[in-house]
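Shared chain: chain A. Partners: chain B in the first complex, chain C in the second.
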Partner chain A sequence: MDKYKNKFYPNYFTFPAIAIFIVFFAIPIAAGFILSFTDWNINRIFEPKFNGIKNFIYLLQDEYFLLALKNTFKFAIITTVLIIVIGLILAIILNSAIAGRSFFRTLFYMPAVLSLIVVGIVFTSVFKMDQGVLNQILAAIGLDFLKADWLGNPGTALNCVIFVQVWKWSGFAMAIFLAGLQGISRDYYEASRIDGASKMQQFRNITFPLLAPAFTIVVTMNTIGGFKVFEQVYVMTGGGPGNATQVLGTYIYREFSKGTLGRSTAMGLFLFFMISVIAVIINKVLRGREVEM
Partner chain B sequence: MKKAFKKLSIMGFVFIFIFAMSACGNNGNQKNTAASGTESQTRDTKTPDTVGVDGESSILAGKKISFLTSQGKFFDEYNTIAEAIEKDYGCEVEFQVVPDDEYQSMLKVKLATSEVPDIFEYNFPTQNADIGADQYCVDLSNEDWVTRLVNPGLIKDPKDGNIYALPKESSSSYMAVYYNKDVLESCGITEPHPKTYAEFLEILDAVKEKGDGVTPLYMTNADTWTTQIFMTCAYPVALADTAEDTFWKLLNNELKWTEVPEFEEILKSYVDLVKNGYVNEDHLSVGYDTAAEKLGTGQAAMYLTIEQCAADVLSKYPDCNLGSFVIPYGDNEILATGAYVQGLFVPNAGSQTDVAKEFLAVWSLPKYQELYYATKPGFPAYKDVDGGEVVESVQSLVDEYISTGNYIYQLNDQMSECSTIWTDLWNYYVEAVSGTKSPKDVFETFQKQYEDFMQQQGAEGF
Partner chain C sequence: MNKNRAKMQKMILTAVMCILSLLIIVPLLIMLLGSVKNPAEAQQFTLRFPTQWYFENYLYVIQKGGIGRAMINSVIITVSVTSIVLFSGSLCAFVVSRRSSRYTGFVYHLFLIGMVSPLQIVTTFGLLKLLNLTGTYTGVILIQAAVQLPWTIFTLSGFIKGVPRDLDEAAFIDGAKPGKLFFQIILPLLKPILATALVSTAMGAWNEFMIPLYFFNTSSKWTMPLTVYNFFGQYASNWNYVFANLVLTALPITTLYLFCQRYVIEGATAGAVKG
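Up next, the complex of A and B:
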């Protein structure tokens, strides 16, 4: 009996976590799934009526939802690519024996620990047209003609937010790549050098394949983070000017604020499934190319 | 021995854990709802010996009133009034200040779920239907302070004639161009008073030519509520006698937004102000908060806004000479104003509605109202309250347009049923200004959304 008790005793410690998971995650997800098929509205908060797939049809016909979807994809893809490229370059440079590499590792990693809201507010003032740091630098180096209202121009506003995301997370990607690089045995490089491999061949045939696990983590995390983007856009542009930088996160928030709860829940569900599917595909593809060391 | 020690350790740990959690809980209560985006400002409860003579027999003594409002409506003077009431009546006030863009939906959820504060602030009577005032709020028509009202007719519910809130002012929203007199004089313009829209454009031209880099008309389109002022005022003014009929037909689906040519023309006029270089280059990324400095320091000559801006400018730049004039949209020189005032409601579901009603009665007394008007002169809702010396640029609008009846209610109040989707329309205006949508596209897009919204609301005719 005691043996039986001891066997299950450790499981009891998981009950609080499971309870929290069920109450704050599983039940809301299930409720969200059901409510996304209703006309739930803030004016009829206790009387949601089943309306089939009407909410989802509306989403696909709503030009601003489609714009937000397009912006979200653009944001997620560009930020992921840039973060990987910059993170990888930084990692390779700071993995070599250069002076002050510990200092630079810390320096480049630092943005990752800052609050997104704080970063957003700081960069909003950097991009200001009147007395913004960027425009002042451009003026100081004689490039006045490039001065612009960076966050007020529909053509540049989203790019500014993308820049901030890349600035913030490249150092984090660098740290993961660094860990991956340091896990690769020097023996592979020595052996290849003896065989006459060039630096480029070493990168392509040793570094890149053996860095695949780190690559999987960075791609998955940044893609998911990119699709979930909200704070940076909300703080820096609020989805504007007009609706130019609207992403799914800000658009869902706006729909909730308007009180169209069923419709905004449907949007949330759409985003949830979209991210899940993309994450699974990415994971499957990238895991497939990982090699054993 | 080992087992006993283990048990003792676990008990000790559990005790410390419970103690720590309860301490965290208390702390959370004190900080109120700050974590959920709500700023809470609570004063300490006074000891009985500080309770004033007035309050000794009042039911307010020892009570705590929760007061929900939004950032845009909350002023420091509220704290001053609350402190004075607390001193006299021993009644503590807990302000719960919610961000503006979350306020409407949060309030509706609170009312629908009966998780209500004792008092909340909202515009009325035009917004009564929006929050279901007749269903969720106490009828205050028979309160004593009603007999002291300056303008009781304005605040009666359009449907049942009841008064559902204690008004803050007798009228509000004098939307006009507020200008820096010194800047205009330097451009050769004294006491501008355009009678036609062309004359208004002439003033802009003069500043553009002679202003030495001064922005003729400051725009703050990052705050879309400032963008909409031009259109919201212009539609009823330009439509003039046909305005009421046009809005009624829109509300009954007998007319479409795309079928009113004035709407498109007015939006085009607004876009032209940008295209013709009358406005600041950063108009799409700056908000209302930047306007006082630009106007006060003379970097901008004019700003189309509400009367609050005049007070903001003069509080920061007391030497600034401010003037005001009305834009004669469609060559009609009429002031567009709000058919609403701000008011304090008592929800039916409140735990102490009698105390809340008594609190409102006290809040309306001249002694406390004048604490507000001492620093923010305006137009009090009560005959016996001194509103102080109103800024000249605002007073002149009231004298010339309100007192003479030469005013019309803004679009938002004539179609208050649509208040939920106005912010979308305002965003479309910004898209027109930024060049991503034509004025025609704006109304085509909005018409679709309007129909969808009215259908969701179950409006007749849709």
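Up next, the complex of A and C:
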């Protein structure tokens, strides 16, 4: 049996994919372990010198790095929570037989296929000073006094970027929740209805627990995506005003552009560890909640 | 429950959905309408129709914005990334889902890292220098392929697990070789999931911004998103041109989505729900 397997599913089938992945993804991670302990610099790209944990000490003393770290956490947590709530509500509504539901599904999923650059630039026009769409709406409903330079104000800029992320990914979460909902057998609802359960009880005791696998996926993907955020910040605010919307993705890019490669690598490695640890924790916690159907 | 109340409820929900869908439609409509207005009107960012239709905005953008070149670059990169990912990914997924050995366990965990980890930009940059691939299509294509492979392999192997092994055994008894088994028997059965993987890989490659931004240094190799971003920097006050440019970038991928949406939405969830 084993011999037949080896012959039939040869390991060399995996080699092209493995080779590409190891060379262009895994080796750079491994190299990061080494090079983040050096003074690697763009001017002497082939002669990095070992400098211990100096890069990491520098980072922990750098107020802008700490600010970027704080913003990244804030971004990842708030966007994930909002995307789950909105995605779940959309999925539940569009799982019932309302008019035009396939149109709504197609429409709400649409932002997920658009480039973040396109979305980011369109929303720059929404949040602009003076004639921006949001300010026009506020003026139209008599809330003139709320008009603001949304992207130019340190207090609101990060919220705008958060809004764009939620706008882009809620429909994707909806699709995954919808698939989860469609996998739940109607019988459970029938049986509980006969036992006199209310809609709320049905949601709490049937829908929510049986949706756990979809829940795990949505939380994991959006948290990871949130920590990796780069494009929308780069396009909409460039990390500004000042450093108000600086996130790890944009800060790594800034250090990279300056040519201090060792420090930038250390940040990349830091992000890698942070995301890995968080992904493992999320999976441990949420997988435990999943029940066998 | 009485019927009228249920009907009422559905109508309210439909109404709520209509209002929410405005959140998606209005920004996109402002972009579409703005792309055929004159600069002054485009800057008003309203849903009003243009007093005069300026379709020549598109011509201007294509001539001045280097869109022709960028479109070709984007097509080259998207087609290459997609073919590499689908070919090597399906071969790999086939073995990973059919065998369970120490080696396939290693492969599985390796790609799991790829699902979680961000791309290590700086060391990748060093690697390209070392391999003499800095600023080349080859470098950018292979990095993008490496980034996209894990997700594709997980989606495909989830599907292959559901393809019965009887077929393999029948082919084996007939004396077929592994290559023949895979390409002539298994691959045709994977059509729906391959369509999904194709569309999502193509979207990822077309929309990718960070990798070309870091690894292309000359504008002659820029892809659509990069060109658009640069154009936006130069013509920030000419919203009519910016919008026309955005429409051109979004159009190919949106068309692909609308034609293949069955595969896109189902596929996004295929790997997910089986977990």
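Following the convention adopted for this analysis, the second predicted complex is superposed on the first by the 284 of 293 C-alpha atoms of A that agree within 3 Å, B and C clash if a C-alpha of one lies under 4 Å from a C-alpha of the other, contacts with A are read in each partner's own complex, and residues count from 1 in each chain.
Heads up, the rule we're going with is that a residue touches a chain if its C-beta (ideal position, glycine included) is under 8 Å from a C-beta of that chain, and two chains touch if they have at least 3 such contacts.
This structure is a prediction, so every number in the text was calculated from the model and none was measured.
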Would you check which partner chain A:201 touches, where first means chain B only, second means chain C only, and both and neither mean what they say?
neither
Tell me which partner A:265 touches in the superposition: chain B (first), chain C (second), both or neither.
second
For A:45, decide between first (touching chain B), second (touching chain C), both and neither.
both
After superposition on the shared chain, which partner residues are touched by A:238: those of chain B (first), chain C (second), both, or neither?
first
When the two structures are overlaid on chain A, which partner does A:129 contact: first (chain B), second (chain C), both, or neither?
first
Check the residue A:154 against both partner chains and state whether it touches chain B (first), chain C (second), both, or neither.
first
Taking the superposition as given, does A:63 touch the first partner, chain B, the second, chain C, both, or neither?
first
Between chain B and chain C, more extensive residue contact with chain A
C
Examine A:256 and indicate which partner it touches, taking first as chain B and second as chain C; both and neither are also allowed.
both
Chain A positions touched by chain B in one structure and by chain C in the second
45, 128, 256
Residue ranges of chain A in contact with chain C within the complex:
4-5, 7-11, 13-14, 16-18, 20-29, 31-32, 35, 40, 45, 90, 93-94, 96-101, 104-118, 121-123, 125-126, 128, 131-133, 136, 167, 172, 175-176, 178-180, 183, 213-214, 216-217, 224, 227-228, 230-231, 235, 249, 252-253, 256, 261, 264-265, 268-269, 271-272, 275-276, 279
As the complex stands, chain C meets chain A at residues 10, 13-14, 16-17, 20-21, 23-28, 30-31, 34, 43-46, 84, 87-89, 91-92, 94-96, 98-99, 103-104, 107, 110-111, 113-127, 129, 142-143, 145-147, 149-150, 153, 168, 172, 178, 181-182, 203, 206-207, 209-210, 214, 224-226, 228-229, 232, 239, 242, 246, 249-250, 253-254, 256-258, 261, 264-266, 268-269, 272-273, 275
In their complex, what parts of chain B are in touch with chain A?
101-102, 104-105, 108-109, 112-113, 132, 221-222, 224, 281-286, 420-421, 423-424, 427-428, 430-431, 433-437, 445, 452, 456-457
Contact set on chain A toward chain B in their complex
39, 41-43, 45-46, 58, 63, 128-130, 149-154, 238, 240-244, 256-260
